[in-house]
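Chain nomenclature is as follows: A, B, C, D and E, assigned in order of appearance, with residue numbering initiated at 1 for each chain independently.
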Amino acid sequence: AQETAMPFALDWVFEGPAAPYFLAIDNGHFADAGLEVEITAGSGSLDAIPKVATGAYPVGFADLNSLMRFLDQNPGAPVVAAMMIYDAPPFAVIGRKSLGIEEPADLDGATLGAPPPDGAWAQFPIFAAETGLDMDSITVEPVGFPTREPMLAAGEVDAITGFSFTSTLNAERLGVAPEDQTVMLMADYGLALYGNAILVNTDFAAENPEAVEGFLAAVAEGWQDAIDDPEAAIEALLERNSAADADLEQRRLELSIRDNVLTDWVAQNGFGIIDPARMEEAIAQTETVYDFQETPEAATFFDATWLPEGGFDLSE
Amino acid sequence: MLRQIGVPVLALLVFCLAWEALVQVNGWPNYVMASPSDLPAAYARFWDLFLLGAWQTLWRTVAGLVLAVIGGMILGMIMGFSRVANDALYPLLVGFNAIPKATLVPVLALLFIGQHDFNTVLMAFLISFFPIAVSVGIGLSTLEPEYRDILRALGASRMAIFRKIALPKTLPEFFGALKVAVTLAFIGTNLVEIVSPHGKGLGALFLSGQTNSNYPLMFAVLIALAVLGILLYYGVVWLERIFAGWAVRPAG
Amino acid sequence: MPDLIEITDVRHAYKTPAGPLPVLDGLTLSVPEGAFAAVVGPSGCGKSTLTRLVAGLMRPDAGEVRLHGSPVTSPRSTVGMAFQNPVLLEWRSILDNVILPLEIVAPRMPRRDRVARAMELLDLVGLAGFENKRPSELSGGMRQRASLCRAIVHRPEVLILDEPFGALDNFTREDLWQTMRDLRRQEPFTAILITHDLRESVFLGDQVVVLSGRPARTQYVLDVDLPADREIDILYQPKAGEMLHLLRDQIRIAQGRGPAQEAA
Amino acid sequence: MLRQIGVPVLALLVFCLAWEALVQVNGWPNYVMASPSDLPAAYARFWDLFLLGAWQTLWRTVAGLVLAVIGGMILGMIMGFSRVANDALYPLLVGFNAIPKATLVPVLALLFIGQHDFNTVLMAFLISFFPIAVSVGIGLSTLEPEYRDILRALGASRMAIFRKIALPKTLPEFFGALKVAVTLAFIGTNLVEIVSPHGKGLGALFLSGQTNSNYPLMFAVLIALAVLGILLYYGVVWLERIFAGWAVRPAG
Amino acid sequence: MPDLIEITDVRHAYKTPAGPLPVLDGLTLSVPEGAFAAVVGPSGCGKSTLTRLVAGLMRPDAGEVRLHGSPVTSPRSTVGMAFQNPVLLEWRSILDNVILPLEIVAPRMPRRDRVARAMELLDLVGLAGFENKRPSELSGGMRQRASLCRAIVHRPEVLILDEPFGALDNFTREDLWQTMRDLRRQEPFTAILITHDLRESVFLGDQVVVLSGRPARTQYVLDVDLPADREIDILYQPKAGEMLHLLRDQIRIAQGRGPAQEAA
């Protein structure tokens, strides 16, 4: 059969959470759907979104919140989220118990390290509002990405914002024992926002609906495979990124599965779909940190057309 | 005079029109390429941030450049006066200069954690001292003995020879290098602002344009950077006119 | 009493990658106070080397250079020097170029006095009105004049002139000979003039010293018994013509070709 | 000869020892600064990646540089022969050159999506053509009429004058600029590898050191970059010896 | 039959920011085939301008320059030129510098023949053995010789020499005069020689043309009736002395100072 080429733009370099897609290739799920998929690394969601919007890549992987901003600034751009992957976003606040950070309330009067363009930092005000923190009482230290975790390790900041599966592991490598870390996943504290999703170019999807459907199904299978056999997933990854550290990436993958992908809600309601009510709330929360040119409808950036009713099943 | 001002201005206009036309004809959306007509709105909306960012970028660039001038001159003097020092240092300097500074940003950031201003100034310094050191070194080591002898024949001290002959004689080369260095220092400052973002300078404004997918803002910052860079460059040209005007070839 | 400048059996060699290059070998020369010695010799024979030894910029390998009877071991401020290429400092005005030696030799002299002294000399050589120009704005002849002023601004006892008129055309050169003659009348000094122009050596010198080819030694000394106050026309007189012819033969010998056998 | 090799090598040794001592005395952990003794392990473990990365970085740098030579020469010729073109283009070029290229990387990435090799080569070109264009332009516009007249007096064509006089006469300036350009092209390649990561080149290896918090690897890449940079630089020096050896001042 | 070079009432002015600068004004000069015209005149009077007009590098504002009776409107390959500064191409060996005109004028000539021709000339001027050196490795006099070879390598009918010996010392210069004389004996040509050395003009010229100060016109023409084959010694003879003295007075007039009133 004729194979449809579907280059796939990731939001980041090849790390553990990208392994399921490679596993999907290696296990032939894309090929079974008649798709030829090549995966490209990226330098952030803001790199991946235009790649899909311009049609250079029919599919991509990026943060839904960045997509909301992108579509607000560029209304009508032919890009939409087609399948939710991170039901809970990895946005987190990581503090150190030894520095007195055990729960959100401890952040009052503490020093918080945050890189200004950081995605987690962008949502921190929502987190603060939901947990009743006074933003003014927190000393925010603008740090560069390279120094965020070292500053936590050196005790120069009490807590940092970052992705749960990145910052925790980095801090651990720098000598902050897991027992010393307080990982506050913002989603656990009232943050309604969604995380990364599979994006599709709407022009492409209109012409190749089956291809998109097949792609999404293969992605779901890839994740299931990765959940079943993380070692195999990491092997698939190592083939593409030989400088990667296998143990580290496997833990990263497992963390993302536990915290972001296979949440309770997903286990009960299905993988890939969204809860419209929660989406409404997410938009409302976003409005408190970002000035929309026009308050968006959920439908402008998430379209479940290519998903099966009730999403996919995903289980341990 | 008319030509000196008119031709560049005309060229700039043509460039902007060509840019606008390119975008319009290709029908590129903003997220591929913003067009000049999108920019005024961006400036109007964020002008206070532009002023603040430009100031932060500017002072750190200039501070780094001043350090580079001092450090580069000292290094150049050492290399110019001692052949052994020159043989020993030159390959090290070439190697250091060849390290792409983008990779040095995280290293510096780790070494001087949280000292953003210091780091930025340091990077501006590190990236720009090399041409100054080299030009001063070459200038001194190729000083014609005829010049030195004018004062030596009178029994003048080494210091007097340096101050009255070597230093002024090297000024044109020095300014030539300074013109390169000023652009480099500017690049260094921005590199830190982009690679190790800490919310300061025009680089931060650029990144915030990127985070919010505000593409016209990104292009507006780009243009602002170009303007600031031109100002810095012609600032050096102006200093050169004053201090080494005697060596400036008349146009023609 | 010894002569002001006494050079006795001086030997000098340069170290080169290809071994030592002997340049002076047994050079003897003595110039009485107030006299003007012109030195001629083949190109590259060691004339500039001689001037550097007298100025104390180098020390000879053997033999002695004495001024006023005491050996020269380092540069002295009582010596003035005009170099083969008139290196004026391009970043200074003509006036400030002429003042330069005073800044070294008389650091406490008020600027007013320095300027007055320099202007006096510039006036003498016909450069009044050009004091604020840059060297690059002047013609070659004017630059040579300024260089002369710089050499004598600090009233040196001894003046060393290394082919100061080498790069000029003949007409300008003759002008400067006259300037030189007038200067000497005004401010007496003892001088060594290196030149490759025999007419110049006869017009300006009290004695003409011919050096042999490299390594140079004193080959011939001619006493110029012409009146002290000479005009250029004197060079067209038979007496000067004879001297010129004689010097020319000596140069041919110095060049290693023997005297002319050509048609008389 | 002994001195020419010995002194730099000695200097390098002293530098490494001083670095090691600095780290040991301060007791810095790896994430502040790795020490030379940490590096061999990093090279041993990743040597194949180093080779691959170095090759990818190298060929893209050289490709960009070759383009810069061609483009810079053409631009320089236009500016050198036409005064109006010079007046019009020079300020535009200064402005373009002053834009810190770190901000241009994302813009290029948007414009030519996914064309990583192309983008990288393009950046190497963009960052390095300026000095070549300027030096060729100045070289041609300051060509002494005496030189031109040698051939003009024989009734030679403009092309013959360009080929036989202007071109070779400008070679020393050209190589002077090329020495600057090669380092810049190298910096440009790396900038793209770091700011717009796409898994290629030494920059990618550096980033993977960063994501894995493998600090000795980061430093090992830094040193490898310096070595590659030195090789590129001395490659140009070698070309200069061959093609413009007549203008190289004898050392002294 | 007209003379080979005929310059009739030529006028030329340079455009400068300060208005037109008249440089030549009514210059007339004619050189028969095979003759050697020496042109002298005050510095900056317009001598180099004259050479550029004859070479066809510029066209006069008024008047005419004719070669063989036909007006010169552009450079011709039958003209050879040696410039005031001997600009040899530093990136070529001496041999390749000499060959250069052949590459333009005779592009099809095999390299073998070019080399043979160049070597013949280099031999004639005493540069055999130096053909593979770079210009920077040669002394000033040797470079001038090479520059002469380059001017005549393509056997031009007309040779234009603009102060070719200006920067040399007197001894080297006299050597080159003889080389020039020998060259002419070997390969006859018609020549215009610009110089500021009156002895040079008398030694080499069949006629000496004195130009007035700027704007230059023909002020005086001297026919040099000395034997064709001259040796340097001839300059020390009374007949040459007279001519020199006469020319000197003419130069003084050209410089606007009137003939010498100094002591005879």
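Going forward, a residue touches a chain if its C-beta (ideal position, glycine included) is under 8 Å from a C-beta of that chain, and two chains touch if they have at least 3 such contacts.
Being a predicted model, the structure only gives us computed values, none of them experimental.
Chains that touch both chain A and chain D are the following: B. Separation of chain B from chain C in touch steps, taking the shortest path, is 1. Inter-chain contacts peak for the pair B-D.
Computed centre separation for the pair chain A/chain C is 86 angstrom, with centres defined by C-alpha atoms.
One finds 49 Å separating the Cα centroids of chain D and chain E. Chain geometry summary: the mean Cα position of chain A and that of chain E are 85 Å apart. Between chain C and chain E, the centres computed from C-alpha atoms are 31 Å apart. In chain A, the residues touching two or more other chains are 46, 50, 54, 146, 150. In chain B, the residues that reach two or more other chains under the touch definition are 31-32, 106, 110, 195, 210, 215.
Counting partner chains per residue, chain E has no residue touching two or more of them.
Chain pairs that touch one another, listed by label: A-B, A-D, B-C, B-D, C-E, D-E. Listing the residues of chain C that touch chain E in their complex gives 42-44, 139, 166-167, 169-172, 196-198, 231-234, 236, 241, 244-245, 248, 251, 255, 260, 262-264. Residues 52, 55-57, 74-77, 79, 81, 83, 85, 87, 89-91, 100-101, 103-105, 134, 136, 154 of chain E touch chain D in their complex. Residues of chain B touching chain A in their complex: 29-32, 105-106, 109-110, 113-114, 116, 192, 195-200, 204, 207-208, 210-215. Against chain B, in their complex, chain D makes its touches with residues 3-4, 7-8, 10-12, 15, 31-33, 84, 87-92, 94-104, 106-107, 110-111, 131, 142, 180, 183, 186-187, 189-191, 194-195, 203, 206, 210, 215, 218-219, 221-222, 225-230, 232-234, 249.
On the side of chain A, the complex with chain D involves touching residues 7, 9, 13-15, 40-43, 46-47, 50-51, 54, 56-57, 146, 149-150, 153, 166, 170, 173-175, 240-245, 248.
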